[in-house]
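The structure is given below, and queries will be raised subsequently.
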Amino acid sequence: MDKKFLVQAQDLSFERSGRIIFSSVNLYLEEKQIIFIKGKNGSGKTSLLRCLAGFTPITSGKILWYDNEVLPAFYSEEPLVAWLGHLDAIKGSLTVKDNLLFFAKIWSVKLNILNKCIKKLSFEKFMNFPASWLSAGEKRRLSLLRLSFCPAKVWILDEPSTFLDSDNREILINIMNTHLKNKGAIVCATHDDLKIPNALELTL
Amino acid sequence: MTFIFISLGLWYGLFNSPPDYQQGETVRIMYVHVPAAWMAMMVYLSMTIMSIFALVWRHPLADILSKCSAPIGASFTLIALVTGSIWGKPTWGTWWVWDARLTSVFILFLIYMGHITLVRSFEDEYKGARAGAILTLIGAFNLPIIKFSVDWWNTLHQPASVIKLDGPAIHIDMMIPLILMALGFLFFYFSFLLINVQTELNNRKLKKLFIQSFSKKN
Amino acid sequence: MKKFYRLILRDIHLVIKGSSDAGAALLFYLLAIIMFPLSSGTESTLLISIAGGAIWVAALFSSLLSLDRLFRSDFEDGSLEQLVLSGISLETIVISKCFAHWLTNGLPIVILSPILALIIGLDFSYWWILCLTLLLGTPSLTLIGATPAALSCAIGKGGVLTALIILPLMLPVLILGSGAITAEISGLGGFGHIYALAAILPLSLLAVPFLASKALRLGWE
């Protein structure tokens, strides 16, 4: 029986300003699987993730999402991927509640699921404050919260443990494991050593 | 080729064509002004087409062609504006007037200059060339305004006499040098475009080699 | 469609609650118009002849000021990426942002203009054509400026360069808009200009989302 791949990347190479960032990269992501992308600074981890999502066009190779050549950055039906990059995407001028509600509404997430996630990350006390009052670590936790209720099956995480203290790291590992248990899949670029069982590694 | 056409055109224009009964010898400026104006618009039109190619099909050469055409087009526009102004002084009594055609050609010049500035403000030339393509397409609306400006508005500038629906309205003796000059300018454009494109490609190759040698050393 | 409404609401919310850009741009509009009577002394005849144009120039500069930051904040904090990955097309985002911009910049300009026409000495019986030209023209100004605003995200810095690019593109709208007023006052009838203004709007509505999206994607490359 053919294993169903959520994401397939075949022989990818990426060039920028004449510099070859990576070449001959292959990646096959299945359900309940996590792939860690490792490599030195500047080895192209972020570029690979952005290429997978479709923000940056690859120089050569093929990327398939659910056997389709349409990449998430071009797909306008529903979220194909939950993205956690370097940027938080939190609007400081809105309240924490408004920030979260907006995404919950456009992702068609039921309110009880949202509230469950808020409770899980103990964010209830922050709800009515303007998001600009949060510290960097708290903002990072907020984007983790948003990640946790995103209905997409695939997660792409770029250095998710930056700005997180040890407690929050535990939370991160917890939600990653929960997601994998719920038949999700993760591609994660990290320097950190996140202890998750049965992880595959890809080094650039 | 360019040299031949331009010299032929100039010779014809200066010696063989009859002086216009109303304007005397000054009409000969037309032989530079009109082809320059034609080229100014034609270059932009070709840039527009190349930009469409660059954006829709991502053809690698298309946005380079568009980027390199811009300075040439800008020069032609400037020549057209300046020669037109010189011609206007003895015939209309004024160096400049803000009528529809002059204004829209001036806008074209500004768009060219904006394009050149935009493309060169990117550190990454590939991005710069693509940004130029996008800008070209927005400014493309200006072209029909220029062409039809003399028909839509009452303008000081004379209405179209060559490219009209019922055939050209000027004498063949004047047409010939005009066409010759136009062809001359056209070949000028092609030759300069090729030079520019080659320079651009060489620059990119050099940069690539430099970067690669640098990273190899590490 | 529901997503679109939520998006627009959010964008309007952001403009109002966010940095005081919107208010600043409108204040600038007022100040710019006041500068005209102040600088030309009490010569009312001179002022009346340029009144229509002056209001248009002020409107242009006012939208120019706030256009630069149209996409920048969402682009720079990663919200744009999240929105696109949430299944909202970039074209929709562009339209939503333009609409929010027009509601908070163009529309107030239109509403304020009759009052300002009084200040600047425009014959009050012509307020209707002033409003009409501004009503048709300000959305086009927003749309035309959106693509250079998107390009400025790709460059990384905006400011003078964006203004340099936007201005020549906005000039035809300016010429048509103030031309309509002048023509109407001198009895020639401004409706030709108005039809032309009305034609620019759907054309830009078609072309700009596509081009601005390309520019934003260029910023991501």
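Read from first to last, the chains carry the letters A, B and C; within each, the first residue is number 1.
By our rule, a residue touches a chain if its C-beta (ideal position, glycine included) is under 8 Å from a C-beta of that chain, and two chains touch if they have at least 3 such contacts.
Every value quoted in this text rests on a predicted model; they were computed, and no experiment measured them.
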| item | value |
| --- | --- |
| Central chain (by mean CA position) | C |
| Of B-C and A-B, whichever chain pair has more C-beta contact pairs | B-C |
| Between chain A and chain C, centroid-to-centroid distance (C-alpha), Å | 37 |
| Rounded Å distance between chain B and chain C, as computed from the means of their C-alpha atoms | 30 |
| Separation of mean Cα positions, chain B and chain A [Å, integer] | 49 |
| Chain C, residues touching no fewer than two other chains | 221 |
| Parts of chain B lying in touch with chain C, wherever the complex brings them together | 55, 103-104, 107, 110-111, 113-114, 117-118, 121-122, 127, 130-131, 134-135, 137-139, 141-142, 145 |
| Complex contacts: residues of chain C adjacent to chain B | 144, 147-148, 151, 154-155, 161, 164-165, 167-169, 171-172, 175, 200, 203, 207-208, 211, 214-215, 218, 221 |
| Residues of chain A touching chain B in the complex | 16-19 |
| Contacting residues of chain B [partner chain A, same complex] | 124-126, 204, 207-208, 211-212, 215 |
| Contacting residues of chain A [partner chain C, same complex] | 50, 53, 55-57, 72-73, 75-83, 85-91, 93-94, 98, 102-103, 105-107 |
